[in-house]
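What follows is a group of structures, each given as C-alpha cells.
Each of the two complexes below includes chain A, the first together with chain B, the second together with chain C.
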Partner chain A sequence: MYRRLMQHLVRGTAAAAVSAGILLGTPALAARTDVILGIRLEPPHLDPTAGAAAAIAEIVYNNVFQGLTRIDRDGTVKPSLAERWEVSEDGKVYTFHLRQGVKFHDGTTFDAEDVKFSLDRARAADSVNPQKGLFEPIDTVEVVDPQTVRITLKRPSGSLPFSLGWAAAVIVAPESAADNKTTPVGTGPFKLAEWVKGDHVTLTRSDGYWGEPVALEKATFKIIGDPTASFAALMAGDVDAFPIFPAPENVPQFEADPRFTVVVGDTEGKTVLAMNNGKKPFDDIRVRRAVSHAVDRKALVEGAMYGYGKPIGSHFAPQDKGYVDLTGKYPFDPEKAKALLKEAGAENLSVRLVLPPPDYARRGGEVLAAQLRNVGISVEIVPMEWAQWLSEVFRNKNFDMTVVSHVEPLDLDIYARDDYYFGYKDPEYRALYERFVASTDESERLALLGQLQEKLADDAVNAWLFLLPKIGIWDARLEGLWENTPVPANDLTEAKWRE
Partner chain B sequence: MLVYLAKRLASLAATLVIASVVIFAVMEVLPGDPAEIMLGTNARPDTLAALRADFGLDRPAPERYAAWVAGFVQGDLGRSYTYSVPVGELVAQRLWVSLPLAAISLLLTVLIAVPVGALAAARRNGPADVGIMAATQVGIAVPNFWFAMLLVFVFAVSLRLLPAGGFPGWGAGLWPAGRSLILPAVALALPQASILARVMRSSLIDALGEDYVRTARAKGLSRSEVVRRHALRNALIPVLTIMGLQFSFLLAGTIIIENVFFLPGLGRLVFQAITQRDLIVVKSIVMLLVASVVIVNFLVEVAYAAVDPRLRRRA
Partner chain C sequence: MSATMAAGRRSLAARALGHPSFLLGAAISLVVAAMALLSFVWTPHDPTVLDIARKLQPPSATHWLGTDQYGRDVLSMIMHGAVTSMAVSFVAVGIGLGLGVPLGLLAAARRGLVGEAVMRANDFVFAFPALIIAIMLRDIFGPGAINAMVAIGIFNVPVFARLAYGAALPLWTREFVMAARVAGKGGGLITLEHILPNMLSLVIVQATIQLSLGVLAEAALSYVGLGVQPPAPSWGRMLNEAQTLMALAPRLALVPGLAIVVTVMGLNLLGDGLRDLLDPRLARER
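For the complex of A and B:
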C-alpha cells in the first residue's frame, strides 16, 4: 500500500512538473504521457457486463476490458482476444482461435476457459447482463483446447462477431468477475489506479499488456456534469479533451481558438419522435404519416441542436454499411399533413409528448411541439426523469409520443420485438428481419438491411429526426482519439501527444 | 426527572418509528425501478427479474421494511444498488466533503453576520445601517444557486482564480481541496449571513435599551465599551438559537450547492440516488438525517429540563 502511494506521488509530481513546464512556456523535452478527459456522467460502477450505462463503457471498453472481437473507430469488427475465427458452411458453428500470452491484470492467464466462463455467465438464468439478448442465439460454448473455443448457435447468425465486440461481451476471469464493479480486472492496456467517487477515475498503463504498447501512461476521466462547467474546464486547461462535449452552443468559440481541435463526428444515436402505434390516434398509418410530414428536420436541427446532427429518414445511421437515404420520403409539407389528418378524421387531435431529461429531447421536444401545433395537433409537453420514463413510457406504454435517441448500433431488431414500447407489430417486417438474421452472405445482408429500412419508413412507425452528433473537443496536440462513436467508448490505445 | 426522561424517550422512539414508516412508504410509491435504470432499454424481463432478486426487491414490502430497520438499528445501512458498496461507506466518504463545507460556511456566516449586525445596531438609522439593511434584504431574496452561478462566472470563468467546480479529494492536499470549497461555502453563507445579521442587529438594539446598559453608561463607560462588554454578549443568545436552526437549512442548501459545483458530497449523493432509484441509499440517508435531528432535539430538551424544573412538571 505504502509503495503504491509513493509511486502515485512520484508519478503525480512528475506529471505536475511536466504540465508546469508547458504552462511556463519552457520547451518540454518529451511528449506528455498523461491525459485528462472530461466525461459528463459518472459511471455507477465499472463492470460493463452488469450495467447498461454508457459511462461504464466510455471508461473501460478496450482500455481495461477486451472481448474476443472489438468494434473499431469506423464501426467495423476487428480481432481482439481472438486472433482469427472461422464459420462453418451452415453458419451455425464458429471457431475462435485465441491469442497466446495474454494475462489479466492480476497475473492470471487468459485462455479458452475464461471465454467459456464469460459467455456462459452472460447467458445464465441469473445473468444480469444488460445485453443478454446478444447471447440468445448461442447454444453451446465448448473449450476445444486452451487456445480454441467453439461456439455453436441455435440458428445461423452472421452478427455473432459483431455482437461479441460489444462492451457487454468482454471477457472476464472467474477469479475476479465478482468484484469487477469496484475493482475491474481485464486484459486491456490500462488498469484501474483510483476512483475518487464523484470526481474522477484514473487508469494507468498495465505492464504485461500483450498488444501493441500504448503511448499513454496515465489517463484520468474527470466527471464534469454541467455544460457550462465543461466549457470552463476546457478553456482553463483543467481537462485536455472532452470527447463528447455537451454544449453545442459553445462550439464556435473553440473552433476559433487554435489551441483546440474540434471534430464533429457521428454516433449511432438515432433520435426519433416515437409514436404509440398500439393505440389511438397513432394506430392509424395516415396520422403517423401526417406527423412525418409535419416535422421540419432542418429547422429542428437548427433550433434544438445548433445545426449539429444529420437528418435521417429511417432507423439507420448514415455511416453504417447498408444505409439507404430515405430523408426525402416525407418532405416537410404542413398542408399535406393537414390533409392526411382530415382524411383520417383526426382533426383537433390532442396528444401528450413525454420528454426524458437529455437536452436533445427537451429542446427538440419544444421545437417539435410547435411544428405539430402548426398542423393543428395540440401538444401537451410532459417532462419526465429517466426512471419515470422507463416505467411509464418504456414498460407501461402509457404515452402518445416521446423523443428519445436509440444509441445501440444496428438495432433494427427492436421493431421485430414483441411488446416493444412503440407497439409496432408487423408480420411482414418480422419475416424480413428473420431472413436478415439468418443470412451469412454479405451482399444479401446489405440488401435486406435496405429493405428493412424502407419497410419501416413506408409504415411511418416513428418520425425519424436526426443522428445524434458526437462533438469532440481536445487539445490540438493530442492525437488518436476517436472521431465517431460506433459504440460508447473512449478507446485510448492509439492516443498520444504530438512531440 | 426519571419519569420525564422515560416519557421523552418514548416519544423519541415513536417519532423515529413513524418517520421510518413514512420514508419507506414514500420510496415504495415512487415510480421507477432500480433494475430498469441499471440495465437500460435492451434488458430482458428475465435479466430484470434476476437483478431485482439480487437487490432483494422480489420479497414482500413488510419483510423488506423489517430487514431494513433491523439492519439500520445494528448500524448496517444496506448495500447501494448502483455502486454495490455498503451505504455506510458511501456516506462516510461524502461526509468528508459535506461537513467541512457546512463548517466553513457556518464560520463565514458568523464572521460576516456578527460584525455587520453589530455595526448596523450601533449606527442605528445612520447611512451604514440603511446600507446594511438594504444589502441583507437582497441577500435574503437572492436564491443561493443563482448566487453560486454568479460567483462561478466572476471568479472561475472570468478571473480564473478558483475552480468552477469539482473536488480533487483531500488526498490532493489541503489547499487544492480547500480552495474548491471556497465558492460553494460563500454561496451557502451569504443568504444565511443576511438573515443572521438582521437578527444580530435587532437583538443588539433590544439589548442596548436594557436597564443594565443605562447603568453601565451612568458608571461612565464609553458607548463602544458598553456595546462590547455588556450588550453584545447578551445579544448573542438569540443569535446562537437562530444559528442552531440554520445548521439544518445548511444541510438542505448543500444539496443544491453541491450540484451546482459538482462536489461529491452527501447532498449530491442523495440527488443522484433519487434519479437512479438507488432507494436503499435514499432511505438510509434520509433516516440518518431524521434521526440526528430528532436526537439533537431530544438532548436539547433534556438539557433545558435539567436547568429549568418547571419544564419537567409541565411535561
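For the complex of A and C:
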C-alpha cells in the first residue's frame, strides 16, 4: 500500500516536472549543485577546537575548517594546508611548508602565524581543546618564515602528522577564533550560511577557495533525531543522503529500491560496555571477566544491530594497522561467568546500566541487560540525555556500567589517563603506552599496539562489543560521499551529482 | 426517600443487565483485568527473556502472537503490559480521588477565602498536562513507573476536586442539608453524612473515565520513554519500538495498538453505562 502510494507520488511529481519543463522551456539537464544531508544529532556549537561532539566535525571537518594535514576517506594522512613536511633524523623536529595564497572566509590571509596561534592555543594550560593529548608531545612551535613552521617535540613521535589531521587540530585565525562557535571562519571550501537551531545548518561555497574547486554550491545538514522520521525523509526525498543511517532494520527496503545507494562501511566507533573500574564491584578483575564471559556478542549484534557491526575483543578497530583479533579471549560462557562471580563473592550483584540516547546504546543496553541477568546480575536500566550522561558518567564518574561508542581513531591513550571515566589505572599499561608514543620504528610501533590491545583485554577493563557500522544511504545519483568514517566527518569536497 | 432508593436499587441489577454498552464495557474491562491478574501466575513465555535466534517470528502454535525484534513472546508482553497499564492508571486515579475529592469537598463546605484558594490552586495544577509533569519529575527523579503514576495522579487531582466541588455546592442548599445544619451538625459531619453519599455515583463514573484516560496517558508516557523502563513490558514502549518495523512486521504495532484501543473503549463504555445506571436524573429522563 505504502509502496503503491509512493510510486503514485513519484509518478505524479515526474509528470508535473515534465509539464513544467515544457511550459518553461528550462533545460532540465544541468546537474544539481545542492545537497541535503540528514544527521542524527545537532551539534552544541560549530568549533571543533572546543568540543568533542562528533556532530561538530560531521559538519565542519574539511568543509569549513582545515588542518595542516587531513585524514582522507581511507584513513591515510594527506597534505592539506601544509603542502609537504620533513622530519629530522632523530624524529623530534618537523618542518611544515605551508600552501601559498590561502585565505580565511573573512578575507584574512593564512600564514605561519596562524599555525603557531592555533597550536599554542590548543595546548595552552587554559585550553578547552577536547583532544589536548594530541598536542602533548609538542615542545615548541616556531615561525621560520610566513610559509614555514617548525615544530619541535619533547620526544620522538611518529604520529604527529596523523594527530594534526584531527578536527581538534584545525587552523583558526586569531581575529576570528573567539567567535568560531557560532560564526565559524576557516579556510575550507564552504562557509556557514545559516544555522536554524533544532532544524538545519547550511553551508555555501566559499569564493576564492585555494584548492580543487568543489562541485556543490550549497550543503544543508538537516537534523532528524528520530529513526522513523529518518526513514520517511529519505523515502520522500526530503533529504538526499543519510551518511549514518540510524535504523538498520530498514536497510533491506532501501537495498531493494533502485533510487538509493546503500553502503555499509566501517567507523572507528568501538562500542563498549564500560565498567567503572574505580569502584565496587568492578574494581575486581574477576567480576569484569565474568561480565566479558556473560556477553554474547553475536546475539547482541543480531538483536540490536540487525547483524551490522563487527565484533571486537579490545579497544581497536579491525581495519586499522596493528589490529590483533582478541574476540576469542572471553568466549560466551554463562557458567564460567557465574563461577567467576561466585569466586569473587559477587553473587546477587545489582548494578545500574546508564544508557545515552543513540539507538546502539538503548537497544544494545536492553539486550546486554538480559544477558547479564542470565548470569545472575540484576540490572537497572537508566536512560539519560547526552548532557546528563556527560556530567554524570563522563565527568563525575557516577555510574556502574554504560554503553557508548568511542569514535576517535587509535585512541588507546584514554586507558593511560588517570582521570578518564572508566577509572583504569595501571602502571604497566601506562609504561607500555609511553614506549609506544616514543617509538618511531614502524614495526616496533605495530608490535607495541598489539601488546597494548592484549593488556587491555587481559585486564578486561571494559567488555568490548562491536565496531559501529556506518550505514550510508543516499540518492543513487549522488557521488563522492565517504563509504567509511576513519574520523568523524562528512567531507563534501568530492561530492557531486551525476549528470 | 428510603422507599424510592430501595425501588431504584431493586431495578438497578435488572437495568444493568438490559444495558448493552454497560455489559460490553464491563465484559471488556473484566477480560483485561483477568488477563493482567493471570500474568502474575502464568504467561505463555517469560516476557523479559530474549531469544534473538527466534526474533520477528509470525504467530505460531508456540508464540500465538509471534515474537518481537528480540525474540520475546508478544502475547506474554501484552499480558504483562496490561498489569503495567492497569497498575499505573489505578494508582493515578487513587491519587486523584484521595486528594481531589477531599479538596473539592473542603472548598464547597468552607467557600469564602479557603474555597477560592483551593480551587484556584487546582486551576494552576490543571494547567500542567501529565506529560509536562512527567518531564519535570523525570529531571528530578529519573524515569520510571512511579514517576508515571505520580504524574498522571497529579493531573487527576484537579479533575476530581472540580467534580466534587461542583457536585457539593448545590447540595449545600438542599433542604436535608439545611435541616442537618439547624440540628447543629458541623460542616465536616454534614459532608460525611449527607454530601458525600449523594455525589458518590458521580465520583464513581468519573473514576472510570479517568481510568481509561490513565491507560492512554501511561501508553503515551511509555511511548516517549517516560514510563516503566525495560525489561518491564509496556504497551506504549512496544508501540514505539515497533515504529521502524512497520514494513517488516506491522503486527508488532497493531497488537499493542489494539490492546490500548480495546481497553480504553471498554473502560469508556463501562463509565457511560455506569452513568446511565447511577445518575438518577438521567434515569428519570429515560
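Here is the rule we use: the second predicted complex is superposed on the first by the 469 of 499 C-alpha atoms of A that agree within 3 Å, B and C clash if a C-alpha of one lies under 4 Å from a C-alpha of the other, contacts with A are read in each partner's own complex, and residues count from 1 in each chain.
Here is the rule we go by: a residue touches a chain if its C-beta (ideal position, glycine included) is under 8 Å from a C-beta of that chain, and two chains touch if they have at least 3 such contacts.
Quantities reported herein were computed from a predicted structural model and do not represent experimental measurements.
**Student:** Looking at the combined model built on chain A, do chain B and chain C fit side by side or clash?
**Tutor:** Fit.
**Student:** In the superposed arrangement, does A:V128 touch chain B (first), chain C (second), both or neither?
**Tutor:** The answer is first: A:V128 touches chain B but not chain C.
**Student:** Quick one: classify A:V382 as touching chain B (first), chain C (second), both or neither.
**Tutor:** A:V382 sits against chain C, while chain B stays out of touch.
**Student:** I'd like to know which partner A:T182 touches here: chain B for first, chain C for second, both or neither.
**Tutor:** first
**Student:** Report for A:S157: first if it touches chain B alone, second if chain C alone, otherwise both or neither.
**Tutor:** Neither partner.
**Student:** Per the overlay, which chain contacts more chain A residues, chain B or chain C?
**Tutor:** For chain A, the partner with the higher number of touched residues is B.
**Student:** Figure out whether A:A369 sits in contact with chain B (first) or chain C (second), or with both, or with neither.
**Tutor:** Touch status of A:A369: second partner only.
**Student:** Given the touch rule stated above, what does A:A299 touch, chain B (first), chain C (second), both, or neither?
**Tutor:** The answer is second: A:A299 touches chain C but not chain B.
**Student:** Once both structures are overlaid on their shared chain, how near does any Cα of chain B get to a Cα of chain C? Whole angstrom is fine.
**Tutor:** It comes out at 5 Å between the closest C-alpha atoms.
**Student:** Using the superposition on A, tell me which residues of chain A are in contact with chain B and, in the other complex, with chain C.
**Tutor:** The overlap between the chain B and chain C interfaces on chain A comprises residues 228.
**Student:** Given the complex with chain A, which residues does chain B contribute to the contact?
**Tutor:** Residue list for chain B touching chain A: 31-33, 36-44, 46-47, 50-51, 53-54, 82-85, 90, 93-94, 97, 152, 156-157, 160, 163-169, 171, 260, 262-265, 268-269, 272, 275-277.
**Student:** Can you check the complex and tell me which residues of chain C touch chain A?
**Tutor:** Of all residues in chain C, those touching chain A are 48-50, 52-53, 55, 69-71, 142-143, 225, 229-231, 243-245, 247-248.
**Student:** Using the touch rule from the top, collect the residues of chain A that touch chain B in their complex.
**Tutor:** My answer: residues 42, 44-45, 50-53, 125-133, 181-182, 196-200, 222-226, 228-229, 232-233, 235-236, 238, 385-388, 390-392, 394-395, 406, 408.
**Student:** If we count contacts the way the header does, which residues on chain A are in touch with chain C in the complex?
**Tutor:** Of all residues in chain A, those touching chain C are 2, 227-228, 231, 247, 249-250, 253, 299, 302-303, 366-367, 369-371, 373, 380-383.
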